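The structure appears below as structure tokens.
Chains: A, B and C, in written order; residue numbering restarts at 1 for each.
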Amino acid sequence: MGVLPMAAATLTKGKRRRRSNFGQDNLVGYLFISPWLIAFFLFTFIPISVSLILSFTDYNVLANSGDFIGLDNFQRMFFEDRRYWRSVNATVKYVVFSVPLRLVFALAVAMLLNTYRRGVGVYRAAFYAPSIIGGSIAVAVMWREIFGNDGLVNFTLNLLGIEGPNWLGRPETAIWTLIILAAWQFGSPMLIFLAGLKNIPKHLYESAEIDGANSLQRFLRITLPMLTPIIFFNLIMQLISGFMVFTQAFIVTQGRPLDTTLFYALYVYRRAFEQNEMGYASAMAWVMLMVIALLTAFVFRSSSYWVHYEADEGS
Amino acid sequence: MKRSKVLLVLLSIAVLVLPSLSLTAQDMTEVRISWWGSQNRHDRTIATIELYEELNPDIDIVYEFQGWRDHWTKLSTQAAGGELPDIMQHDYARIEEWVANGLLMPLDGYIESGAIDTMNISDSSLAGGMVDGQMYGINLGNNSEVFTLDTDAFAAAGIELPPLDWTWTQFEDIANAIQETLDIHGIGVLTSDQLWKSYYMGCCDQWAYAADGMSLGYEDDQPLVDYYNMLLRLQESGGMQSYEDSVARGDQGVEAQLIVTQEAAMAYHWSNQIVAVWTASGEDRNFVMYPIPRPEGGQSQNYIKPSMFFSVTSQAEQPDEAAAFIDWFVNSVEANEILAAERGVPISSVVRDALLPNLGAAQAEMFNYLGIIEMDNSPIRPADPAAHADVINNVFVPEFVEPVMYGMISPEEAASYLREEANRILGAQ
Amino acid sequence: MAGIEAQAPAGLSAPRVIRPALPWYQRPMARTIFYHAAVGVTCFFMLYPIMWLVGSSFKPPDEIWTNQTAIIPKEFYPQNYPNGWAGFGGISFTTFYRNSLFYATLGTILSVSASSVVAYGFARVRFRGRRIWFAVMLVTLMLPTQVQIIPQYIVFKQLGWLNTFYPLLLPRIGGSAFFIFMIIQFIRSIPVDLDEAAMIDGASKFGIFLRVILPQLTPAIITAAIFSFYWTWDEFLVPLIYLNSPELYLVSLALRTFSDPSGQTDWGAIFAMSALSLLPVFVIFISFQRYLVEGISTTGLKG
């Protein structure tokens, strides 16, 4: 691992020394984080370690046993398993498109709703609504209906004179229904942006207005920089959850057609619980962990160039 | 502050609704049982269990139930943790894998001693639960594949109903004729792995898997290629729903079949699903059940398949009581009056006769159909090898059916890849 | 990015600056109408699925699949609701709702309060090993639950906690990595001047947390509570594994227990109960969301 602790150095951004008189306290620090530490060692540490060990075995759930097989799982995954690479392909495509889309929608709508008008509470609820529909089987039926031949999407396209494709049936378009589903469920980053917008001190806008800044300038000079810690958080979390996407494919497409929506976590689940190959599944899961960790570390590294923290303002 | 008020309200809700965290201890003998199903099955099974507890006051049947997929996730976790229930509902396609891992208990002793009474049960109804010559699951209902025909649609199209021993050639003509006259599909997709396996039985008296389960059981890919060439022709003509369309609609259960919405005049499914199909279609529709068409000059492709089993697990704490419950569940007329053949046609002839007078239209058709199949069926199949699910999920569907039906690869090429990969997986068991 | 820039001004500047002799389309009234029209139309698309779900929940069994696209049923059939609510073999949704409300409420309180405390420790106290623990915490988010389930099951079995709520609730005493990180980010955008002032006044670290930081975290904590409630309400895999007795089942579990792809399924009941299951989450959202933006406009807007 090693990379992340290094990247997490941005937490302190090298300003420790100057502020060392303020807040350096090992005992108090561990006291505050002790709930997490206790829960971690009691409930998380063992399962995570076991899964790491299992990734070097051919552990089968039903047999409840497995032999140590060295790097065979990794060899099989990288060189022998065609479906593995299809799942990588689907997941990368999903992340590349859904993460920016979600963030842009979330920020745009948060700005739009961060106002006081009659009925804005109702609008906020409406925009959040798609995000709470959950993962029940009713959602699968509903989503298929919306993207069906005479469903809402193709009906709307028809009004615009466009003949819609067979969304869920074609290998080229099936993944787009899941990307659209993700973009449409931007409720959680939107709420976090709203909360972040509320934390921006009003006086900054007032003084900018006195200086004659127009709304675009106010957005670029105040809103955006003040929001960077939240943008940073949303970016990291959307990246992680994007790579781990599971439910949508699990209930709506089940990986079809032609494995174009076979997301990584779905494939892990199938190997683990349909084929009972928990050793192989663990190996896949750990490869993904490494990749996400590296990417996260990279984003953390970059954050010192673009994330602005009030609390770290030295001068 | 407002926030503390909110917190207070939430806390009081939590206390009000606090459910008991522990369950009361019992002095009675506890038998744990777990099954999958839908609301209908849960209701009926629970009512049956309550009746059993009434009749046996010293027995407490502790039950768990869940949906199909969750059943396997939950039970394999319990298996790894040594926490399996005494009785679990099991599936034909998975039983061998569980037996191979020593998780189920052979029931032959109970059958010999009469604890599980098989007096009124035919051998063909029991054979599905045999693995390597021992009995691991008691069949809960007879089932067979069926082609359901919408007689109103046939009449509207002016097409005569075929003979019961119809062939795939006749079927293809009918499907195309329906498409031409009514402008609806003849049938939904026919790419199920069941049809792959039974086609070899119909044409060549071979089974998909070799007897030892270590390789495929057929030498010649040509019958499979012929069958898929027919599907490709039907897909092209519209006689069969396109594969693409079936993917777009997804596996939404029996109720979403094209015959229900009158987008097709025939449907392929399991015989016990006719009740669901008929209910979703409406009472005023008319259906008749047919065996699977047979290859030209071949034999019947149908066989009697156990819809599901009750198995006693090797981790069971009360195997004797578990066997006693299974015996009652299968043989008691009272129990089966509550269960109402929801799991398929009861295997005990006594129970069957007792249920006959009170059947609804769909169920009567199902009982009648199973009677026909029992007279003319192909030999009982060996249980699927332990790697069956692996072959289907990781080779048959993604590397054979899908690329062929999407026209990305020829049936010949795909069939030989299927052989190669399936043999590799089967041989490595 | 163009989208943001175009839409941002509408939200931020709208009612504040009123200059005389604006063209009609920039007058407040016109802008208000434009705002409501644009947002309202978008709302329709956002709410369509829920309208469809509610509509379908009133369709009779033989209409669900035969009249699938319609939002308004041909025949109004409210019977789906009592059919669904009846649950399974006498254990009704009354039980499942009671369990879910208990679990989601207690689970939310546990994980949000623990997360705030831990986040404060990470954000405002400097201690040896801080960066490493933070990184470890993030990494725990990156491993799919699916591969942790079996070892975890065995741990909880050893503790004798199967078929109880302990495996679901107790891991929450450490908060959730998502909320901890989120609250850290909010704390770090609060200037340290206030902390320092309080420290000079002799306040302890915990005192600063309670009196200086916590009041400023209201939006973050409300947000976390909304998410936590929904995620807990919707949680499925872990409850499936640990709750055996139907008397302990949650709404999320019960919903997935309705259907069997190979058997008969009462879709009307599924739709009815799915629609109903959104209600508590929605109520929580509606009652909490006003804390998020309320007050933002109290300056500069009269009436």
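Heads up, the rule we're going with is that contacts are C-beta pairs under 8 Å (C-beta built on N, C-alpha and C of every residue); 3 or more make two chains touch, one makes a residue touch a chain.
As the structure is a computational prediction, the values presented were derived from the model and not from experiment.
Discounting chain B, connectivity by touch keeps the other chains in one piece.
For chain pairs B-C and A-B, the one joined by more C-beta pairs in contact is B-C. With each centre defined as the average position of its C-alpha atoms, the distance from chain A to chain C rounds to 15 Å.
Annotation: 38 Å between the Cα-based centres of chain A and chain B. The residues of chain A that reach two or more other chains are 61, 141, 148, 273, listed in rising order. In chain C, the residues that touch at least two other chains are 68, 149-150, 256, 258-259, 267.
Residue positions of chain B touching 2 or more other chains, listed in rising order: 73, 77, 80, 251-252.
Contact residues of chain C toward chain B in the complex are 61-62, 64-66, 68, 87-90, 95, 98-99, 101-102, 105-106, 108-109, 149-150, 153-154, 157, 162-166, 218, 221, 237, 240-241, 244-248, 253, 256-267, 269, 288, 291. Chain B contributes residues 2-3, 6-7, 10-11, 13-14, 17-19, 21-23, 36-43, 45-47, 50, 62-68, 70, 73-74, 77-78, 80-83, 251-256, 260-262, 270, 272-273, 275-276, 279-282, 342 to its touches with chain C in the complex. By the touch criterion stated above, chain A contacts chain B in their complex at residues 60-64, 82-83, 140-141, 144, 147-149, 166-171, 174, 252-254, 256-259, 270, 273-276. Residues 1, 4-5, 7-9, 11-12, 16, 19-20, 22-33, 35-40, 42-44, 46-48, 50-51, 54, 61, 104, 107-108, 111-117, 119-121, 123-139, 141-143, 145-146, 148, 150-152, 184, 188, 191-192, 194-199, 202, 205, 209, 214-216, 218-219, 223, 226, 229-230, 232-233, 236-237, 240, 243-244, 246, 265, 268-269, 272-273, 278, 281-282, 285-286, 288-289, 292-293, 296, 309-313 of chain A touch chain C in their complex. Interface residues of chain B facing chain A in the complex, by the touch rule stated above, are 72-73, 76-77, 79-80, 97-98, 101, 103, 242, 244-252, 389-390, 393-394, 398-399, 402-403, 406, 408.
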